[in-house]
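In the two complexes below, chain A is the common chain; its partner is chain B in one and chain C in the other.
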Partner chain A sequence: MSMVTGNSYLESLLQGQPQLPPSPLAWFNQLRANAVDRAGTLKVPTTRDEEWRFTDISPLAKLSFQPLRGASRVKTVDVERFYLDEAAVRLVFVDGAYMPQFSTSPNRAKELGLVVTDLSTAIATHGVAIEPHLGRHAGFEHNLFTALNTAFLHDGALVVVPRETAAREPVHVLFIATQPEAASHPRCLLIAESGSSVTLVEDYVTLHEGAYVTNAVAEIALGDNAEVNHIRVQRDSIHAFHIANCAVSLAHASRYRSVSVALGARISRYDLNVLLAAEGAECTIDGLALITERQLADTHSSIDHAVPNCTSRQLHKCIVDGAAHAVFNGKIIVRPGAQHTDSTQSSRNLLLSGKTRVDTKPQLEIFADDVKCAHGATVGQLASEELFYLKSRGLSEVVARNLLTYAFGAEIIDRISIASLKHRLERTVLERTQRD
Partner chain B sequence: MSAVLQKLVNQPYKHGFVTEIESDIAPKGLNEDIIRLISSKKEEPEWLLEFRLKAYEQWLKMEEPRWPNVKYPKIDFQSISYYAAPKQKKKLNSMDEVDPELLRTFEKLGVPMHERAALAGVAVDVIFDSVSVATTYKQKLAEVGIIFCSISEAVHEHPDLVKQYLGTVVPVGDNYYAALNSAVFTDGTFCFIPKGVKCPMDLATYFRINTEESGQFERTLIIGAEGSSVSYLEGCTAPKFDTNQLHAAVVELVALDNADIKYSTVQNWYAGDENGMGGIYNFVTKRGLAKGVNSRISWTQVETGSAITWKYPSCILQGENSVGEFYSVAVTNNYQQADTGTKMVHIGKNTRSTIVSKGISAGHSNNSYRGLVRIAPTATGARNYSQCDSMLIGDKCGAHTFPYIQVRNQEAKVEHEASTSKIGEDQLFYFAQRGIGSEEAVSMIINGFCKDVFQQLPMEFAVEATKLLGFKLEGSVG
Partner chain C sequence: MIYQDSKTLLEIRGLRATVNGIEILKGIDLTVKFGEVHAIMGTNGSGKSTLAKVLAGHDAYQVTGGSVAFEGNDLFDLKPEERARAGVFLAFQYPVEIPGVANSHFLRLAYNTVQAQRGKDELDPLEFDDLVREKMKLLDMNPDFLDRGVNEGFSGGEKKRNEILQMALLEPRLAILDETDSGLDIDALRIVTKGVNRLANKDNAIILVTHYQRLLNYIVPDYVHVMEAGRIIKTGDKELALDLENRGYDWVGAEQRAAVEA
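Let's turn to the complex of A and B:
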């Protein structure tokens, strides 16, 4: 596929993208074509754009891009260590390409009553189910990266949980980066039909410490009374660029819980847009960014209370060390008429070094009067009273500090329901925050 | 209940009347000649004219800010008259010489001029359409060395002081409206508190826009020398007009070592009618520089008027251990729009700031809090606490919060809290049970909501503010 964008940086980003075969489905081809058109007119955001004010992605433009090589070099031993014991079904993508040899067979999912497969095969068999959702939740009108992802729509993860089906074991979608100087566009679509429940682990890992670009888009649609537990772990290389957009839409009385953990990437940007589209919907969104050296982690969330009687809870934490920079922008919108909205949001930032930088903006936009909305933000060091309390019980200064720092991060990790993943992340938090 | 309250909230603007006084009005439009005209009318020194022209030059290159959360038709800056002064033959020595028409106006407004001023212990520097008419208590203040006069007078009498500080806190090119003000400001207040002097009384000035279609460009400069302290009150009312009036004031405060400046405002300008017609555009730049060690700058504002309010009284905390405070109540009703808040820029070590903002929206209005807390890398040990609460009355209004927190120093502590609430039926029921009518109940709830801010106001202002809020809002709940 050729793209004329009138933008030299984009041209270079597009280099090395494989030719995508046209799909037999007209709407699918149209979606891609629209995204191509849109990407051509959008500009690369700069710090002059309010939404990117604190996140300078100009280093991304300096990266040169190589064509993607085949993924056959990747051995099972390389990827095995990322598997989760608890996950009954697994989809593995290497540099954006579906790897059936590492994934569990579609039949395994079928036995559990689920559809877990790659998007390019599913488009032929499940086109009717996919059409109302794919590209409909994650809008690309104003988002260049989502437009690019949609333009390259080919492989991707599809998870469909049919009506009244409860998936007991989690579904693990693993995206592995193996090649430096490459750009991949992972895509994930989860459709939780009415009355269903599922746990989805969206996992980004790497086999090397080079520079590359991951531009991910996830769409999650919840039917009436559906329940989705979404765990997102970003463990990209410390030199990588991770740009992601997750769009969630909640129907009547559905429940969405999300824990996202950002550990890697030189620059990471996560946009989480939750639309509470029908009454009685609830969402709980928790995030942890643990960054050091010259890392930048940017989380932009938007929780849109479009209708009355919905509840949202958000806790976002950052542990910032070295010369790292944490950005948080949490927007809560209460639309006209969305009475009895109950929303709380909290942004907590812990600074471990003198060169760190934090920009946080919890933002409320309220157009209804009978609502409960509260938000809070804190930035600072460990509280001296808490240190004193521990020291008075015989802990040394260092031990007390380590304990409190760990506990700060563990509050979010604790909310992960999968034991093996939780332990792994707990270990990472320990390793990263403990001082001698 | 609703009908009674509706009647109350829809009270006509009490201060809407036009005083007929002969005015000396400059032709409409803005260009270098107008600036030269203003400067020569005011017999200004050369450096001030240069200051104005530099500002004008910068203003031409700037664009009107579009980021505030307010909507209004484009302002035609060429259709505004930039100079209007009541015709005056000679300098006045006593109140008796003042135009009786003017005095009647003040009476209608309830301005405590002479006796009332004396009773209230307030010196009022009355600003009437840009030119200072009478200044009371000047002698008494002069005894302790305090200079309190109009800024045009200060330009002539104390040129060195004005030259040293004017434009140092708000540079001429700071923002669009500050640049405009710097180019065309006609009058305002100047205040200098000398070293070690505690000002014996609260200083006050009443602003009042009078001539239809004349923008008002006030300039206030207050300097607190080492160890001094002063409390300054600003109160505003304006007559009712249908064409929008632009008000772009600049207030600069400078606090040197151990100085303490407290600046309180009650703003009740014409807000437009219930359909959003008319009203004042209030685009104000207010900034205080806490320059010296242990200095303190405190802003308190009660904003109830204006069709559009766009102001961010700010503190630059440069001196070590300096303190910045911002206490605000902003009330919007009908089609009013307010985008207000503060900036606390921590530069010095161990600087502290407190922000308490209460926004109340009713009718079809929109009320935004926009704040910035910036901790510079040098501000070790800095501390900020912010609280911004919103109350919505009715389901057609909006409340917005945009708090920017930027921290560049590890040893700083920043806390921000915000909440939204309404006046609940259960609360009103509770009052009713105890024999308190809904009107009074609403008034009590609102006053409770705003208590933290009202406590910061000087007594006379607190009384006025409480009444004002009652008038503005009582009818909105039902």
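Let's turn to the complex of A and C:
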């Protein structure tokens, strides 16, 4: 595929991407072509753009990109430590490329009544199911990174949970970075049909601590009464750039719960857009960023109450150490006529050193009058009343501080329903928060 | 209960304390001997909760005068955690919620810290689980409370039970119960006070801080002290609490002012 962008930085980003063969499906080729066109006209955002005010991604432009070498060097022993015991089905991608040898067989999913497969295979077999969703939820008109991801659409994860099917065990989609100076464009599409339920783990890990770019897009569509538990873990290299867009669309009385945890990357940016598209839909969105040194973690969420009688709950927490910088922008939109909207949002930030920075901004745009919207933000040190309570029971200052710092993060981690993943992340929080 | 020849546990002399530069305690004198139950009563703002927090070592309060000896040692030489390990326990009026810290973990940490101080063996999670479940039965507490965050989402009554559970585990020398009766319905009050009564013995002492006489129907005090404007203005036996219940607090203050003028 050739691409004209008129932008030398983009040119470099595009280098090394494999030539994509045309698909037999016209709509798919058209989608990619549109994204290519769009990517060519959009500019790399700078801090002069309102949505990127606090997040300077210019260091990304200094990164040089090498062609992808292929993932044949990766050994099972390198990747299996990331597997989750509880997951019945697993899809593994290495530097963006689907790795069937590390993934569970498509038959395994079939036995469970699910479709879990790589997108390029699925395009041929499930094109009709995919077409109404792929590229339809995560728009790229105004988003360069989504446009780029869509332009490179090839491999990716497809999960379809058919009507009235309850997937008891979680589906694990594991993206592994193995090559420095590489750019990958991971893609996930989850279609939860009406009355179905599923837990999806979207997991970004690395085998090295070099610099690279992950530019991920996830689309999640919930049918009537569907229930999706979405766990997102970003453990990229401390020198990596992680840019991600996730779009979620909820139909009547469906329920979306997400826990996202950001631990890695030099600069990470996560845009989560949730559309409550039909009455009775509910979403609960919890996030934790645990960062240190010179890391920057930026979460932009938008919860769109498009219709009446929907509920949204959001708790976003940051633990910021070293000279790190956390950004949270939480937009809640209540459309005209979206009466009886019930929405709460809380942003809580814990600073562990004097050189940290937090920018947090609730952004409520309310165009209906009979609604319940509560929001709040705190930035600071540990609460002195909590410290006193623990000390009054004999705990030393250090033990009390460590316990409270850990607890601050654990409140979010505890909401992860998968025990092995929860324990692994609890250990990480413990290791990163404890002082002597 | 008053025991003959009982030793002094707590000796407060001329205690003064401020918060944000405002004097709240204006010269408190109080002697508590082993085995005794003291009730400190008074209207809101009389300083009774401040006294409780000063004894526990809350850093929002500055001690500006007087002394407090605990088993003969200067209490103010000790940090809050050292006071706890020495046997001072405050049951909070408003226990804080700490999401993310499992109640069982917190209780065991506190228990083992105090055990270690006393030269006793610490318990591993399984051993502790047996102990804590047994203590919870006394307070009619659902074991589910072990798995929840400390006080997280507990009702007012559940929080108070969790405080008394900590008292049962830590076996303090001096337990200060700050408005433990507030927010309790009659059944919960009965259970909580039964728990406290079982813990009272000749080797410890209890200070009950309360606004209402109701609590004292269940935990019978040996002494009742009335606080007003940062001082103890009257001391009596349990009958005094009944007088206060019937007549309110005003007459005590009037009586005291008359005595000063006379």
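As a convention for this text, the second predicted complex is superposed on the first by the 436 of 436 C-alpha atoms of A that agree within 3 Å, B and C clash if a C-alpha of one lies under 4 Å from a C-alpha of the other, contacts with A are read in each partner's own complex, and residues count from 1 in each chain.
One rule holds in what follows: a contact is a pair of C-beta atoms (placed from the backbone, for glycine too) under 8 Å apart; a residue touches a chain by one contact, two chains touch by 3 or more.
What you see is a predicted model, and the numbers here were worked out from it, not measured in a lab.
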Contacts of A:365 with chain B and chain C, given as first, second, both or neither: first
Chain C versus chain B, contacts on chain A by residue: B
Contacts of A:339 with chain B and chain C, given as first, second, both or neither: first
Partner chain in contact with A:406 - chain B first, chain C second, else both or neither: second
Which of chain B and chain C A:183 touches, first, second, both or neither: neither
Touched partner set for A:248, first chain B, second chain C, both or neither: neither
Contacts of A:354 with chain B and chain C, given as first, second, both or neither: first
In the complex with chain B, residue positions of chain A that touch it: 50, 336-337, 339, 349, 351-381
Contact footprint of chain A on chain C as seen in their complex: 56-60, 79-81, 83-85, 89-90, 92, 95-96, 98-101, 106, 109-110, 113-114, 117, 149, 166, 170
Partner chain A, residues of chain B touching it in the complex: 67, 375, 377, 390, 392-422
Sites on chain A touched by chain C in the complex: 383-386, 388-397, 399-400, 403-404, 406-411, 414
